[in-house]
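Mind looking over this structure? Questions follow.
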Amino acid sequence: MKTFLCLVRRELVLTLRQGGGAGMALGFFLTVLVLLPLGIGPDLKLLQRLAPGALWITLLLSVLLSTDRIFGPDYEDGSLELMTMGPMPLELVVVGKAFAHWLGTGLPLAVLAPGLGVLLNLDSALFLPLLAAMVLGSLSLSLLASLGAAVTVGIRKGGMIVSLLILPLYVPILIFGVAATSAVIGVPELMGPSMLILAAISLVSLVVAPVAAAAALRSHMT
Amino acid sequence: MKLIAKDLECQRGGRHVFGGMSFEVPAGSGLLLKGPNGSGKTSLLRMIAGLGDIAAGTLELDGLDDELTIGQRAHYVAHQNALKTAMSVEENLTFWARFMGVACSSVDVREHLARFDLERLAGYSAALLSAGQRRRLALSRLELVPRPVWLLDEPSVGLDAASVELLAAAMRRHTEGGGILLASTHTDLALGFNDTLDLSTFAGRAA
Amino acid sequence: MQKYANPTRFNAIAGAVLPWCAGLTVLLFAVGLYLGLVEAPQDYQQGETVRIMFVHVPAAWMAMATYTVMALASAVAIIWRHPLADVAAKTAAPIGACFTFLALVTGSLWGKPMWGTWWVWDARLTSVFVLFLLYLGYIAIWQAIEEPTRAARIAAIVALVGFVNIPIIKFSVDWWNSLHQPASVLKVGGPAIHSSILIPLLIMAVAYTMLFLTLHLVAMRTEIMKRRIHNMERAEVAG
Amino acid sequence: MKTFLCLVRRELVLTLRQGGGAGMALGFFLTVLVLLPLGIGPDLKLLQRLAPGALWITLLLSVLLSTDRIFGPDYEDGSLELMTMGPMPLELVVVGKAFAHWLGTGLPLAVLAPGLGVLLNLDSALFLPLLAAMVLGSLSLSLLASLGAAVTVGIRKGGMIVSLLILPLYVPILIFGVAATSAVIGVPELMGPSMLILAAISLVSLVVAPVAAAAALRSHMT
Amino acid sequence: MKLIAKDLECQRGGRHVFGGMSFEVPAGSGLLLKGPNGSGKTSLLRMIAGLGDIAAGTLELDGLDDELTIGQRAHYVAHQNALKTAMSVEENLTFWARFMGVACSSVDVREHLARFDLERLAGYSAALLSAGQRRRLALSRLELVPRPVWLLDEPSVGLDAASVELLAAAMRRHTEGGGILLASTHTDLALGFNDTLDLSTFAGRAA
């Protein structure tokens, strides 16, 4: 357990110092928020309608685009080899890294989302659902991201392949995430089930992703 | 405790590197791997560390009951130093020690940095280190985390004469303490022993 | 080389079976298409366009079936490390991608008259599109990794994880109220369409299956040959 | 000149083999394309309206997010040092890399955009304007990207800083790009001027970016 | 042609590394840089190559009229090999040759690969190379692109005995051909000359 925490701490320190993590996420988020009105014109009604979807898509993209930082650097400088050897089971290493990735990317975005939603004049009734759904959803996003990262670590065309691979897994999260978010103004009774499904997806990926990712990493190392 | 290799065969990228290699390294002794570039020194060390497929043959650490893998009992110092330039010298060493399951105090860490004459730099970012200093930082892991098997790939690369001496001393301490040591090298390190294995003799051999 | 003992036997068997598969495929397609495009009555609301079904539906089924085959082969490859298994998985992918593409194209051709648009982002269409991407990703993995053993393992993992998409495709129509037809053939309580359409549809389905079998056997044989040649080259460079 | 071409060739080979470039761009494009309808709902009318903006934003993002690949790898493996030494003026090296980046990222996206626009059922009258505007715009995008990359190469928090640095420079391109694209269905007489402005921006950045970037690189090296 | 350094001072990351260093290297001769880790060998070579700030003092390549910088006349082989694993061995070398302004045929390239015994690997991806093979690939650049000044930072690292001999031969050819050579090293290379500069003697000296 101590080892696990020390791994998570190290990952966080690295992302923060290297300006991945919260800073990066925020930067990306702001970028999209600035571009969106410019791109589709400053029609407030429209923006309001798009807000939840836009926020969710931004979340997905920023997670998707930070995947290569999960294992890439450690693969290049030889840290990953030591980690595969070390006493800590590789599955746990993956969980640790995914968790750190979530703390560094998904969580801050989820927390910031409602605040930034204001800029897209997001309906304030959606703040809480949005927050809850994103916190829940982003966890599985990070776990699946670590899977994709593990599969493509150190191989050519990694960048493209990873998006092709994880996308299918992200689709349901996005669907239920948006459903859960805009249920309040849409179909309120969808709220509960969607949240549950999001939670279920997180659980499943918590079980599957680390095992698969560890297997992939091992076959990359050998 | 004894490291036993029987009829090892190694392939990299589908190409045969060496085959029919057998050797034994009993506790308290070391083996130097020699051989031209591409003869498979790194590959062999990686196989032992569990980082490479064993195409054929067997490899076992004899006379130990628990079911840890060799890799979990071994230190592997590769061409890369596994350092993070975004962290300080001390942070780097501390992390690896903790990760490898040693709850070490800042005192221990600095003491082991001192063994490779790095305590002066403990606070600096690893980005400021010179090539040799980085190597020494990677090496200072060895004695901070006690592990019976040392797998060192050209450990003396980039080290100045004094540091090579420090390294040799550490290696001697390890073998005298009953550890197993395998080191690949092109230059000769002044060690207590000189059993060497020339990998070029196993090239092109089938298992 | 003893590693290739089984593939050798496989090649022999495949060689013997292939002609029959090919012949059967042609025959079934002839019959199926005749019944489907000539004999079968035109739909009272869809008119002639209903005939696209005989191309579309089996293609869609095969798109999913092929991925299932791929996933199964991958499972075998991971558990038993059988060289033939990852050859099977690898070679199935391009064929599956083609079936998926066919389903997409025929589907959207059908969509124009039925829904008035080539494409809608409803659950099933999206999930099939995603399936297509998944095939591409899988193929890309094989191309991206030179080392065959490493590529095999990674690809297998990908195939297995990606399998979650299949049930999503199958049940998407029921989960999200979709524009798309719900299952009317492959459903509990027996098919719910008239036999004059059902029979040619089923014949076409068998025909597609045989087509897959034929193509897959050919692809597997060539793949095995390629690997042998590859290994010989490698060997002589090393030696 | 021969040297220049050989540099461009090498850059292209690398991006292609490492799955940056066209592949990456396409993957990213498809990703956004799938996410968009799922996020904001499959309302064709709405999609049609958003299509131009969405495509432009995607273009900007994918350029923005591939910046670190312009100088990053060469900085890490020591190639950049040799390039600063080599006989070829560093400014020219920057131009070469920016050009290659454009060929590998901006151009393919611009060419693919109309085709993929179909899936968002983009009004077919917009195909040509979109193509033209994107080809013009993406050139300056790549040039400015190389400037951002040069300023942040090898420094911590590079990722975030770069987006904050270049974003302001991108805003005008986006505005005029969208204007030029949807002029046909909007205000036709805006078409010409917007295109001209896009061209002007490209020219200016062609002059300024390389010089500034080269200066930045030199000070990073020493 | 003559490389002249007067009262050089070097600072890295705000810290003083060495100062008051003066030396001359006339055409056709070489200088070996020795000194403990962190004494400034790499820093000095980088300064000469134009990759490091000169805190104080002067550095010039005497007796040449055109206004090329020293860097443009020099080869710098650093700890990093500047190789792309996505390209083949031959592609890597060819690119650098072309980039450095030499229009070389595939024949020249292979001939220079052969000088470091790499022609057999020409077609392989650089990712498949062993540590020493990578180093040799980086070194084969030296003679393919003729440049009067060679700045080599621990060039023999990772090379087997035979390759060290090939390297030494190349270095001798260069000096005998009237070139200037500076090389940092911890091990001794069997060269025709052994003028050495011990950087530790300049540590802590102000200009």
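Just so it is clear, A, B, C, D and E label the chains in written order, and each chain counts residues from 1 on its own.
Rule of thumb we're sticking to: a contact is a pair of C-beta atoms (placed from the backbone, for glycine too) under 8 Å apart; a residue touches a chain by one contact, two chains touch by 3 or more.
What you are looking at is a predicted structure, and each value in this text was computed from that prediction instead of being measured.
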item	value
Shared chain contacts [subunit A and subunit B, defined touch]	C
Contact-richer chain pair [B-C vs A-C]	A-C
Farthest chain relative to subunit E (centres taken as mean CA coordinates)	C
Chain centre separation (subunit A, subunit D; CA means) in Å	25
Mean-CA-position distance for subunit D and subunit B (Å)	45
Separation of mean Cα positions, subunit D and subunit C [Å, integer]	37
Inter-centroid spacing, subunit E versus subunit C (mean Cα positions, whole Å)	57
Sequence positions of subunit B contacting 2 or more other chains	13, 53, 79, 86
Contacts with 2+ other chains: residues of subunit C	126, 130, 133, 140, 144, 146, 149, 237
Sites on subunit A at which at least two other chains make contact	17-18, 76, 156-158, 160-161, 164, 167, 171, 175, 222
Residues on subunit C engaged by subunit B in the complex (per definition of touch)	146-149, 230-231, 234-235, 237-239
Of all residues in subunit E, those that touch subunit D in their complex	49-53, 68, 71-72, 74, 76, 78-84, 86-87, 91, 95-96, 98-101, 103
In the complex, subunit A residues that touch subunit D	17-20, 23-24, 26-28, 30-32, 34-36, 38-41, 46, 49-50, 52-54, 56-57, 60-61, 64-65, 76, 156-161, 163-164, 167, 170-171, 174-175, 178
Residues of subunit A defined as touching subunit B within the complex	2-3, 6-7, 10, 13-14, 17-18, 73, 76-79, 81-88, 221-222
Subunit D residues touching subunit C - in the complex, by the definition given at the top	19, 30, 34, 37-38, 42, 44, 47, 118-119, 121
